[in-house]
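What follows is a group of structures, each given as structure tokens.
Below, chain A partners chain B and then partners chain C, in two separate complexes.
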Partner chain A sequence: MSEGQLTTDAKPWADPNATPFLQIKNITKKFGAFVAVENVSLDIYKGEIFCLLGGSGCGKSTLLRMLAGFETPTSGQIIVDGQDQAGIPPYARPTNMMFQSYALFPHMTVEKNIAYGLKRDGLPKNEIATRVTEMLSLVQMDQFAARKPHQLSGGQRQRVALARALVKKPKLLMLDEPLGALDKKLREETQFELIKIQESLGVTFVVVTHDQEEAMTLSSRIGVMTAGEIIQTGTPHEIYEYPQSRFVADFIGSVNMFEGRVIEDGKDHVVISSKELGGDIYVPHGISGVEGQKMAVAVRPEKVRISRTDLGEMRNKVSGTIDEIAYMGNSSVFQVRLDSGKRVRVSQSNLTRDDDDALRWDDKVWVGWADDAGVVVAS
Partner chain B sequence: MSMFAHTETNARSRLPGGKALGGLLQRLGLGGRGLVIAIPTLWLLLFFLIPFLVVAKISLSEAAIARPPYLPIWEWDDGLLNINLNFGNYLFLLEDPLYLSAYLESIKIAGISTLIALLIGYPMAYLIARSPENQRNILLMLVVLPFWTSFLLRVYAWIGFLKANGIINNFLLWTGIIDEPLIMLQTDFAVYVGIVYSYLPFMILPLYANLVKLDQSYIEASADLGARPVTTFLTVTLPLSASGIIAGCMLVFIPAVGEFVIPALLGGPDTLMIGRVLWDEFFSNRDWPIASAVAIVMLFVLVIPIMMLRKAQAVEEGAS
Partner chain C sequence: MQGKSRFLKITAFLGFAFLYAPIISLVIFSFNESKLVTVWGGFSTKWYAELFRDPQILEAAWVSAKIAFVSATLAVTVGTVASFVLIRFSKFRAKSLLSMMITAPLVMPEVIIGLSLLLLFVAMEGLIGWPGSRGVLTIIIAHATFGAAYAAVVIQSRLVDMDLSIEEAAQDLGAKPVRVFFDVTLPVIAPALVSAWLLAFTLSLDDLVVASFVSGPGASTLPMVIFSKVRLGVSPDVNALATIIIGLVSLGIIVTALHMNRSKRNL
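And now, the complex of A and B:
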């Protein structure tokens, strides 16, 4: 995976003796009767890039705004570096925030915008100048130093906002959708830069995003939010491979979901009969259920095998017809219509450039997956 | 900018004649382009340009004991057109120090009043703009409520407050803070009170319109970057409301310079404002040409603030 995980080999969150840098304890925020953030508790450690991932309106910005001090929590506690933040005004907090709307001062040039925070700290002029110049080149905005925000494109504004938040080298930096307006290439570059900055400055990042790919590449850990609650926290790997709920499985990457009922609860496995699949699913480890209990199994498309011939020994397999093929360059995605009518998504790497024996539309095929490829999720 | 936009802002801002006239003057040559907006143009022509030309004409004629009390500036005599332009009126304004000091005094009084109105109006506008949305309209209503009674009556009412046995003095005597009534009426102080009171809404409204648009996230960003509220106000709020400040100040300053009623009713004999001089020339001395010259000069004095106002309005419109 990417650089992001390099720094986190230590996995401070797995160490019971480590003290979190940022502690969020049972934070709730209500706007009138509407609960925007509900009983969120999080521990974030020094040097992490923590991503808050969730759909629009799930309360990500509200949570961040409480950390920055713009909203007062209805209940709960926020502790940064051992210090309770309650009652500390925004200007005195050791945090900086990049706003979702950028909030660049329209009457100041790019340069002045970036220098603003440093001036407030009373740094000497020449130091301000060097740091601003550094930042400008980091976000590749050198030529635009003298422009006003309204003379910039959306992506350029975003870069200035990022620079303005970064230049103060705060202990905790919060980024609200930092890269949304950038094109793919610049976004990847900036992600890489963010990780580099994080490594060199030791800044702790909390990044809000609704782009799951961004969350995967950037973060040491991800908190998945929905409807004001954090429903799962974990490394990108954990979130992707071991989603605990249907929502998480669905939200991160694509997934095939099969519902069924337990028909056999063995010592080291369960067997689930799924009408949707038109067959039985064998799940080897870790779970148990009473017979007749409803369960759902999630299988990632890249873990499904597809073949014109029978898949032999494989326990989880069914037959179907290829409905659709999408060529993506590095891989191809097949939609297979099972005999039961359900459609299954299968993705396969394109290992060779031309394949005379390639699968075609309307081919009769077998699809199947290894015993441990499926994850049982709460439905 | 086109004639179109220009006339439109004039019509909207409902300024005393001076502004529209000044603006029109600059663009006299552009009249042809106004066809599309014939009605406002016609309106301005009828009520501003023609009276202005009449006044300009009178200012160039010679006073006479006649009816009207000035001589015509041209005569048709046996196939000979005699044009007599009497610039003496203007020269006279320069000779008699009374006029210069009246202009300066007017500008001073209007300037100080504007500053006081700004100091009172800015916090009010700010608080209204920051109050909950459902309360804003009520507060704005209160600001414009005084307009529902006559301006003259409201100025008269201040006499009741300020005179020797008026409400303020009686109250202060009753509390024992003073032993003798303060002399407030017929002083410059009363004039300041009257002007600030009367024109305060003109300060508050443009400031409010500006401040209510101010994006809260700029304030938050400033705080986030370490600025205390006072610094945020000085470095972010104030510069971003500059166009509102200019518009408000000009809307108070321009009419205040030519104010007649307030100095006449509240001011003392030595409150020398140009509006009063003008009145005296017209009605007491019946010297229409001098009075007209005074009016024309006043207009040119106001050209600079009028242009500043127009620029501020253009900025406002560009921003919204």
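And now, the complex of A and C:
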């Protein structure tokens, strides 16, 4: 769908000749009868920030723990930089991990925490000191070198954990919910810092998160997981704009879903009749359907237009009543009850400070969207 | 409100008086000049001096200290191993049974513990000729047995609270399992080990019943000596001795409590 827009030099996953840095081949993990991870295959390239995104219990953490060596796959293969990881214990792997709880050693100072991994490698004292100092300044924790973890704030601990995991210059850094314990404001700042650090060191990141916003801002690509399987892999843009399934469309952002049946299969378009919408949906291209086939169309709230007057030329339009308005500051979200009874979410940026003509509760409105705004997903 | 808070104060005062009046009177009478235990004859420290001239008491105190030291160390070792098995190993069939059994000596009457250990030692002597005679060694084993139960409870609570991922983090950073234990696990649970050791030490120092059962000729602990002295009539130097023991035990309790507090804060 969108491959044409991607340039191959910046997107190694689109280049058939590129060698993946981390290869996960048909990994399955069972705990007794429970299948935590089912037949997952993934290629991750050097320098990527790859996010495994999914709800709790979807198997993303188990997959990460297998990469780190804390769990043994039931079947399948993990290859890092050409080296099969099977049978290699966690302490001998070329990867490092940043734990969700940060897992700082409570009895050691910040400095000793960061130096621990280098000491285990038996590096000379002066080199350890240099590298620890370097890391401390990279994460801006110079003044806190002599503190113990319990004397630090959450954000500071997060930095120490990151420094400790990065100081060994791992080929691959795994981050388990790296920003999960931080409050919203700090999380937003830290996200960009994390990207900056990743870019300056060139380390490949694999991030596990349940926070779709975090995944969208951090990653080069996202793998959406549910019930132990990866159901879609793609750039944040692809995942958001071209979800291949209902689950993905629903999980990332919010979405309006209309079910219907194909009533017309033209050369460059199909028309889907939707009882839910109370009208027909015109989809220009990209799909083919047999007449009578069931389909669902997903439309993002910000792509829906809302107006008191008829939307004119727009093909996909229907009328309704404003049921609820949520004012969010930067935008407003409207719940519109269609004449069919279905509720539609519409979001609109608040471009002006005061709008005398603003939409109000119980206003009769038209909602509609452009031909190419809707995405057909498997229902 | 006023009435309520006064009522609380009076209740608290009565409660503490009930607990501590006997002990305080004992401490006061240990400085009594008179030979009659119940008649005040002026302040004196002569019973303390007398006490330190009594070879029987000094000998018993030394025996008790030795026993307490060795048995506490054994108890902590056994308690640590038991706690690890109960907390760290994934579910095995006898696990809940074992965890119940480890705490049983806490609620078992001492008389029964003492008697059963005595029977065991006698039977073992008959079967394998060890332990040859009852004395310091058997008391140490007996004290380590119930001390381990207390130690296991203290250490388990610390292990449960410990974040497993810090051990994984150490491994991830290149430490082999044995290194992880000494670099991370041990320092983290160290406060609990100290508390457990102090607890086991104090319990051993206190014990009369179990020691009386499993002791033999020539091995009298301090509580045993005091008890036999009192049976012949209370002499004032026992008050002096009791005061010293109260001082030591309270010191132990205070140190333990401080340690517990500190370890909680450091979690």
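Methods note: the second predicted complex is superposed on the first by the 339 of 379 C-alpha atoms of A that agree within 3 Å, B and C clash if a C-alpha of one lies under 4 Å from a C-alpha of the other, contacts with A are read in each partner's own complex, and residues count from 1 in each chain.
Here is the rule we go by: contacts are C-beta pairs under 8 Å (C-beta built on N, C-alpha and C of every residue); 3 or more make two chains touch, one makes a residue touch a chain.
What you see is a predicted model; the values in this text were computed from it and never measured.
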item: Combined model on chain A where chain B meets chain C, clash or fit; value: clash
item: First (chain B), second (chain C), both or neither touched by A:96; value: both
item: Partner chain in contact with A:117 - chain B first, chain C second, else both or neither; value: both
item: Which superposed partner A:164 touches (first chain B, second chain C, both, neither); value: both
item: Contacts of A:26 with chain B and chain C, given as first, second, both or neither; value: neither
item: On chain A, positions contacted by chain B and by chain C; value: 68, 70, 89-91, 95-97, 99, 101, 103-107, 116-117, 120-121, 164, 168
item: Parts of chain C lying in touch with chain A, wherever the complex brings them together; value: 163, 165-166, 168-176, 179, 183-184, 187-188, 265-267
item: In the complex with chain C, residue positions of chain A that touch it; value: 68, 70, 89-93, 95-97, 99-101, 103-107, 116-117, 120-121, 150, 164-165, 168
item: Footprint of chain A on chain B - complex, ascending; value: 215, 217-218, 220-229, 231, 235-236, 239-240
item: Contact set on chain A toward chain B in their complex; value: 68-70, 89-91, 95-97, 99, 101, 103-107, 116-117, 120-121, 164, 168
